[in-house]
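This is the structure, below, for whatever I ask next.
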Amino acid sequence: MDKEEKNIGWKQRLHEIIYEADTPMGKWFDILLIILILFSVLLIMLESVKSIDAEYHNTLLILEWIVTILFTIEYFARIICIKKPTRYIFSFYGIVDFLSTIPLYLSYILAGSQVLLAVRAFRLLRVFRILKLVQFLGEASQLKSALKASRAKITVFLFAVLILSVMLGTLMYIVEGDEAGFTSIPTSIYWTIVTLTTVGYGDIAPITPQGQLIATIIMLLGYGIIAVPTGIVTVEFGKRSKKGSGDESVEHFVHVNTQACPVCAKEGHRDDATHCYNCGSILNE
Amino acid sequence: MDKEEKNIGWKQRLHEIIYEADTPMGKWFDILLIILILFSVLLIMLESVKSIDAEYHNTLLILEWIVTILFTIEYFARIICIKKPTRYIFSFYGIVDFLSTIPLYLSYILAGSQVLLAVRAFRLLRVFRILKLVQFLGEASQLKSALKASRAKITVFLFAVLILSVMLGTLMYIVEGDEAGFTSIPTSIYWTIVTLTTVGYGDIAPITPQGQLIATIIMLLGYGIIAVPTGIVTVEFGKRSKKGSGDESVEHFVHVNTQACPVCAKEGHRDDATHCYNCGSILNE
Amino acid sequence: MDKEEKNIGWKQRLHEIIYEADTPMGKWFDILLIILILFSVLLIMLESVKSIDAEYHNTLLILEWIVTILFTIEYFARIICIKKPTRYIFSFYGIVDFLSTIPLYLSYILAGSQVLLAVRAFRLLRVFRILKLVQFLGEASQLKSALKASRAKITVFLFAVLILSVMLGTLMYIVEGDEAGFTSIPTSIYWTIVTLTTVGYGDIAPITPQGQLIATIIMLLGYGIIAVPTGIVTVEFGKRSKKGSGDESVEHFVHVNTQACPVCAKEGHRDDATHCYNCGSILNE
Amino acid sequence: MDKEEKNIGWKQRLHEIIYEADTPMGKWFDILLIILILFSVLLIMLESVKSIDAEYHNTLLILEWIVTILFTIEYFARIICIKKPTRYIFSFYGIVDFLSTIPLYLSYILAGSQVLLAVRAFRLLRVFRILKLVQFLGEASQLKSALKASRAKITVFLFAVLILSVMLGTLMYIVEGDEAGFTSIPTSIYWTIVTLTTVGYGDIAPITPQGQLIATIIMLLGYGIIAVPTGIVTVEFGKRSKKGSGDESVEHFVHVNTQACPVCAKEGHRDDATHCYNCGSILNE
């Protein structure tokens, strides 16, 4: 029983280090992990540059193996120190961790899976988890909450833009011929969105007067249309900004810490919480 | 008389299904129609891709015939079950329905009307009608009302932008020669709008120092000018957003249902309406 | 003296027709003039298209002569019916009128002044004067007043953007070589503004990794910088919008009519004005 | 002691002229310096244009020498008339002054330092110092304070955009091949930022249907994302604009003059200040 308790104590400490950022050790672990992730993404980038890869192929491969092994250890440590491992394995970040660790192993088993190696760049997603420390800072949470509130309006807006693009793209396909690059309706729709969003690559451009006239109208439309998401988001920011200073706030912000439930790994517990709000397990102090 | 009544009852039920979305049948009809429209637009897109059309020409043609026949049946059903068919036929959506159904038939009668086939993409406009369910949601109606209120200001603004573009375009035509692509004043105006709206294809670009200087000024102008529609729309959104929460609202929103008048096909009746607000006919419950 | 009075009466009526838009005749004159100006600008555009000019050169020349003669008559009529002609001749619009009428005559006297013909497009500026009817509408005047109030801030902003562009342009000139198109510092500055304003022609684009890195930073800067004029203008619009509805307005708007002083041609008199606010002359009723 | 005092008086007067802009002499010095800086930047630009440099190389070199000598004199004068020269020498503007004066001398000592000559363009930074007169104007200080307040939010935003760009860039590298120009992950990331910021050079553009589909999504994302910095800045401007007119202001603005501390060269002293707020030295009246 004493040994059992000790065992639990060891797992609990590991859990605190890996999943949380309250303790000094936990903070150091997170900082090291961020550095490791950024370093591994740099490796992936350098590998993709032919001239660098040609010269330093072996060095890069060895470094990549070191990083991958460290990530593998971390992955298993995460599984071991949690009480319900399946909760972690099938959670969003559990899958991200798995997918960003496996490609190097797969590249030896499967032929043609070299392309999978680039998938490792999605390791960057893991940075967002580690940024628990930042995530709950006022700035990021205000941004997120404003964007969330704008979501419905922006969806309606994007939907209307898409229908408009399909119709204008078809019109341009009829008006302009193959010579100008409008070879099919999907290509024309692609061009329409390139124009509406004011990106304007110029790989496809109208050459007939009537095509240029329609293009002009699309551009002016895009000019006006860009005002819509800006307007929506600005108003939401404005609201949040006022709420912060007044006392008429509708949403309440409570201070959450970086603790994760040792059973189900849910995060975002209140500072004064003693039980997980998701599964009711007792939280470590 | 009994038979007559039964007949009316049959038409009334069909009317409810096709024109409205209160009943389960009416909702299913709308969902099926949206799927059919999106499927038919997909067909049109695939047809326009040469490589796909070359291989699956016959399959695509057969599917297109099935879709067209279904739309034809729907078109006649709409005419039959309404009391004043001319109201529907000459309404905006009546014309859209007609124009998006006829091209396939015409392509056999008229030579060279192949181009008309692309007109079928305008079937997408029909999606907006079916979105009766969405159209009256707060989000879309707020967006629409804000854009409507901005219309006058944006028109004045676009008018000024157009006059400016004509003058700057002419100036660039004088400064730059044919070599840079400024072959005529209309082309120069096209380039000016491409630049002012920050699209910037690069198919035409100034090459002389003085031309590049003027281009620079046009770009900075465009940079400032883009602020105007954004400012207008943002302020309108802000007003609407405040109205919603305060009690000083000027516009009143009533709940409208998806019923359509069986006589004149007008939509947007209040929930408690018993007569059509347009022609006074008694509405179906 | 009777004859004199009659003479003055004749001039006064002409003045009312040409300079003002209160009377039915005055309105008709303005509408006709706008049509004539737009028509003449269309002529200039068509002339610049080589294929059209080749075929219809004579027709276009004759029409241009008719328009020029009408403008010449109007120019002299404007001088005759005003009491102090020099005020008109050296006013902004007096010079515009002169410059947009003279080129066709000059093209026969001076060789190589063909290019001057395009100057005629500046006739469009005259449309703004005629739009007296529109100019004082709430929409345009609100836009103008908001832009005027933003002027100082936007000037400071543009000044900072220009200094930034010169420095970033020089940096790119050092980093990128001639091969990428950065042939001189002015060209590099041109490219920097093309990038900062998100126009992006692509006629010049960085090819070295370090150049692309700096370009990336410039783009993200431009992304943030575009927020500044938008923010400035939006806030000004917002102020104006609130003023309109509240009673805490600082600026007072009085209704002005389209009368012009018969002596000094100043416009924008109050409806109840009996004397010109500029020179004190008695205004026509 | 009398002589000493006179000596101090002489230095004090020089200090007033060079570092401050209260006295007529000080103002004239600043205006002359701005003209000299702008002139020298113009020289650098002209030198970089090959055709101009070929023809006027000697004239430009002589003028450059004159400017450099004047700047050298100014640099030493700044050191002499300040009580603690090291404070100036290692201050930001001290380093800028040094770096923008030294290149011409270095170009004779070191081979290959010709490129350093372009560094002289950073002289433009000095304009900002001289603009003490403008810097404290309400406009510029409001702009600066709004941008400062937005800094935290914009940093979070840029951070998220960068992570997004790396992941989307990697995705495009996998989807598109070398033919389209996506030769490495860094290049793909460059392309992603070019697209997200709606710059769109078109030097690299997707050619496969799936690549164009992802590009379309990136563009629409960029369209929405551009709303975020605009929203942030607009709200900050709005706050500042309200503060100015209301009495609920949190920040207090005091009138500062253009005096600089004769000992530590700190600027921004209150009009009624008698001691430097940084080092406590007595300020010249």
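To keep things simple, chains are lettered A, B, C and D as they appear, and every chain counts its residues starting from 1.
Convention: contacts are C-beta pairs under 8 Å (C-beta built on N, C-alpha and C of every residue); 3 or more make two chains touch, one makes a residue touch a chain.
In UniProt terms, the chains line up like this: A, B, C, D = Ion transporter.
Quantities reported herein were computed from a predicted structural model and do not represent experimental measurements.
The contact pattern of A-B recurs in B-C, the pair among A-C, B-D or B-C where over half of the contact pairs coincide by residue number.
Where chain C (Ion transporter) touches chain D (Ion transporter), under half of the residue numbers in use are shared by the two copies, so each contributes mostly different positions. Copies chain A (Ion transporter) and chain D (Ion transporter) of the same sequence differ by a rotation of 90 degrees once their CA atoms are superposed, given in steps of 5. Centre-to-centre separation of chain C (Ion transporter) and chain D (Ion transporter), using mean CA positions: 33 Å. The geometric centre of chain A (Ion transporter) is 48 Å away from that of chain C (Ion transporter), both derived from CA atoms. For chain C (Ion transporter), residues that reach two or more other chains under the stated contact definition are 186, 189, 198-202, 226, 230, 232, 234, 238. Of all the residues in chain A (Ion transporter), the ones that touch chain C (Ion transporter) in their complex are 198-202, 230, 234.
Only residues 152-153, 155-157, 163, 166-167, 170, 173-174, 183-186, 189, 195, 198-202, 205, 209, 212-213, 215-216, 219-220, 222-224, 226-228, 230-232, 234-235, 238-239 of chain D (Ion transporter) touch chain A (Ion transporter) when the two sit together in their complex.
On chain A (Ion transporter), the positions that touch chain D (Ion transporter) within their shared complex are 41, 44-45, 48-50, 115, 118-119, 121-122, 124-125, 127-128, 134, 137, 139-140, 142-143, 146-147, 154, 158, 161, 186-187, 189-190, 193-194, 197-203, 226, 229-230, 232-234, 236-238, 241.
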